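Each of the next two complexes has subunit A plus one more chain, namely subunit B in the first and subunit C in the second.
Let's turn to the complex of A and B:
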């Protein structure tokens, strides 16, 4: 059998000689190092854009923009979108998308209001019911995605319509007036409570915060901790990166996805509560743009729509960037369409940067 | 010597196809057993039955002489059987340390770990670094660099190191050199020998005859759903092995 054709076996007999593959990293240029740094800290780009836009508007508009009052006004204006975007970030990190976030927030706020005023439940119970409903809808989304294996886009597109329609049917399209809430169930407006830091004696100026703003910041900080420092957070990244690999490594992919959508529903319900505080009344027609605005904040914040990459702090900066542009351009007297135009440019630029970061030299 | 991992009379049917036909299997302590066979011979079904990825219809798997029933790869892992899949099963965007401890993270002691579920990063990084340097992979400088920044061979190295770190009894390697160049394959083969020198037996599935003949102590030749024969690489040539595999030649008794 053995002929000269079997020469390749000679390698086996003589063994390996000479050097074998060296595992040393290649030298990197400056651009590659920036790329590497962004890889590790993806929130740096939106942070830089945020800082630049604050400086630019500060120089253009002076103290009209660069005052504690105006800067904290931005926080108040982005609080609802910010909270929803925090939830959206979780879903997008698992390579999903949640189009029903806005509808869940609105239905939760309607439930909180109607349970109090229609059924006469104690307002604390009504708020808990609203939070529970939001969580349940989110969990249902998660079950459809993780167990029934339906695409997240389709599941949440359907759920968006279902929840929104349920919202109008259940509320009978009625708004609960702000005065009624204030006199009978002020807890519903709790997150709209304002307090000032450093105002002058007449109460004007100074940094103005609401509890909703505090809640938004807390949600971002807690989620940032969970994503970075708990196994659950690392599993979210792993699932978003490659669900099959995560499963083989011993991650419970199903439970991870369901928990993410359920938590998203819960956070959206908090946003619904904050929404009552922000507009004062319970209105079934509010919050219609929350899903698109939240996705915008996530994308500008540098989280990859393909999942598994990005930092939730980036979303926070992304939401603030939108807020800075909106207020800055309004104060500058520009047409509101300029805001949308610039946001559009930012979205495309953010995705381009994301693609560049992914393109690692391997 | 008693085999550490045994399969007895394993049968697995998919509809009318019989992938495993009363197949036996033996892995002895401290050896590298290569499993070769033509495509469709049923070697991956055999390996999956051993690693818990499929449940055989008949027959039994014995680990250290004790009957075990795996219903998932996690079961097998709990028993100390680690598998390095051909796809490597790693999350490219996560760090080396994150990947090595994926699914079995270590938490900090005390209240930070119990209540706040905080990961013990420094301990995981230390252990990951130890494992990599044990296997001579410490030229990977930064344990926090993303896996996707590594070369194919380095990734394979990390995957093998992960298996070696947790596989206390058996390590299964599925086509570890299939996607690698000549130099990187060499490095990985050395790594395999290194793992064996630590006393952990290895099942090596490979199509690459020179690699099989270089590192294997015994070669399990799989044909038509069962073990055709087990040969020692010194006694036969690669052409003989291919002839057995394809049915061109019958093994001597």
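Let's turn to the complex of A and C:
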């Protein structure tokens, strides 16, 4: 009754000549390859959208838009949102969210200003106090999330209200004027210092940068390096992907989360400092929409709101996309509502692409 | 002895109750857009001082942000339930609030719109406000007169409030253009003018951040802008920063509206050329007096002759007065400033 099919030993005798098991061959379609590539390099989508939007507005508007002056102006206009969005990216990578970022930034800037002008502290100390305050509030957020196990949305929703109310109470709604800051505490405006590359003789045109822009770019580069090449960075991805698995693999989940929120608070305080440089004055009413704007940049940048996936450089491109659309549409003379409408479309498109990329296994 | 104590206590309690009831006989509500904007903070202070003087109980309510309509409706309902004699309101949503205002008037309350007219304006018993068109017109006239012949080829940036074009935004904007001598087109609409001297309109949200961004956007269209109209002084301060970053702060004329203390200081420092000052404290204290009069004998407030509201006044503050435009100097402006 023995047939060739029952001869199980045969394969052993002949040895492992063929392939016993293999992964199914990769799908060959161009679309599938793109899908796979995007899975590996999620920042490519926003980079592509950014390049396309710059080219489109460049063709539509010519040198009015496609000039060193206008293009570097976009960098200046997105610097605050960009810095805050870099911080927001860290939190979202841990599958959290931080609604208090803008409030922390503004109150930190108010502290830097009021400590100098109300209490007469040296401006260096006041700036350090502002930075320390931001870090402390961030750490408190992190503690409530990691140790008290409260949902990040709730914790930061509450902290947003608390910090914002404290901001208005403490500042007494008073603005510190740019001229006073300039004459008595110019360090507060340090990040607003501009320098030009390639301006004409009268100082017009040319690429204009501020220290705040440089700081934003540095923050993105440093965080990108840390997320990719340090244990701390890899732990953030692990915690965001699956905190239980990360815990079992020996990651200190609590410490990671607390450190992420604390660093977020610190970066927000830097954003507050940059805010003083940008608007010249210390104004408690600025930065009201920073939380939503930063989340927008993160989402358009292709970072998954479910945590654990995405590249922080994507956030940088996301923030720039918003800046390009805002300035481009204004220069084209469109009603400002069109900007919001198109950004809404981009948000939904970005999440749709994210869902599509998620379908790639492995 | 025990009885005596109890009866004394009773008398004391009822006595306290009676005096409280008397003090609460006349009460008024102040409902502002927010309690973060110094303009409304000063308005509340003015109302509190006037209420204390007139022996009126004042309750203050405010929306959380500008545009928070629901909180204002809830506040009106609370005031009706509370048996207040009158309501002073700066409405966030000038037409949607009318339903709640009508409800209050039907319940016998005096409703006075402060600073922001309702739509329609007669939905309230009275409106105590700045003539915003005149405020704009004054700075427009001042800017044109200061430029002299150069006004004919001015490059003008218009820094407005919001894309929704609320009435105060339209009135100041169109007032400025009329004062400057520009054909308005539709006087109820911002941005339909065809005069080539206007480089463009952009919105600022009335703060420094928005002022700087809007100025940068318009400078990208035309870097040689030399006249900047701004909806208020924080926006003007932001615009100044944008000009300073390209080194043009000294050859541009910035005009604004409000008359807050930081704004008037900016006039003194030459950041702002001229600003039209308004008087929130006066609006609020006159409003409280009107409610007191109404509660006493039913007197209704009257409008300024020739206008459909009570004009609480506006004055041009500048360090460089020009012929033909009335103005007060910076020192006088500082005496009268708010916030």
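Everything that follows uses one rule, which is that the second predicted complex is superposed on the first by the 332 of 362 C-alpha atoms of A that agree within 3 Å, B and C clash if a C-alpha of one lies under 4 Å from a C-alpha of the other, contacts with A are read in each partner's own complex, and residues count from 1 in each chain.
One rule holds for everything that comes next: a contact is a pair of C-beta atoms (placed from the backbone, for glycine too) under 8 Å apart; a residue touches a chain by one contact, two chains touch by 3 or more.
Predicted model only: the values in this text are computed from it and were never measured.
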{"item": "Touching partner for A:184 - first (subunit B), second (subunit C), both, neither", "value": "neither"}
{"item": "Touching partner for A:64 - first (subunit B), second (subunit C), both, neither", "value": "second"}
{"item": "Touched partner set for A:168, first subunit B, second subunit C, both or neither", "value": "second"}
{"item": "Contacts of A:278 with subunit B and subunit C, given as first, second, both or neither", "value": "second"}
{"item": "First, second, both or neither for A:229, with subunit B first and subunit C second", "value": "first"}
{"item": "Which superposed partner A:124 touches (first subunit B, second subunit C, both, neither)", "value": "neither"}
{"item": "Subunit C - residues contacting subunit A, complex", "value": "35-38, 41, 65, 163, 200, 202-203, 207-209, 211-213, 216-217, 220-221, 223, 234, 237-238, 240-241, 244-247, 262, 265-266, 269, 271, 339"}
{"item": "In the complex with subunit A, residue positions of subunit B that touch it", "value": "73-74, 77, 83, 85, 87-94, 98-99, 102-105, 107, 116-119, 121, 137, 139-141, 144, 146, 148-151, 153-154, 157, 183-184, 186-187, 190, 210, 213-214, 237-240, 243"}
{"item": "Contacting residues of subunit A [partner subunit B, same complex]", "value": "1-2, 5-6, 8-9, 11-12, 16, 20-25, 36, 39-40, 225, 229-232, 234-235, 237-238, 241-242, 244-246, 248-251, 308-309, 360-362"}
{"item": "Interfacial residue positions of subunit A with respect to subunit C in the complex", "value": "64-65, 69-70, 73, 76-77, 80, 168, 173-175, 177-179, 192, 194, 203-205, 208, 210, 275, 278-281, 283-288, 327, 330-331, 333, 335-337"}
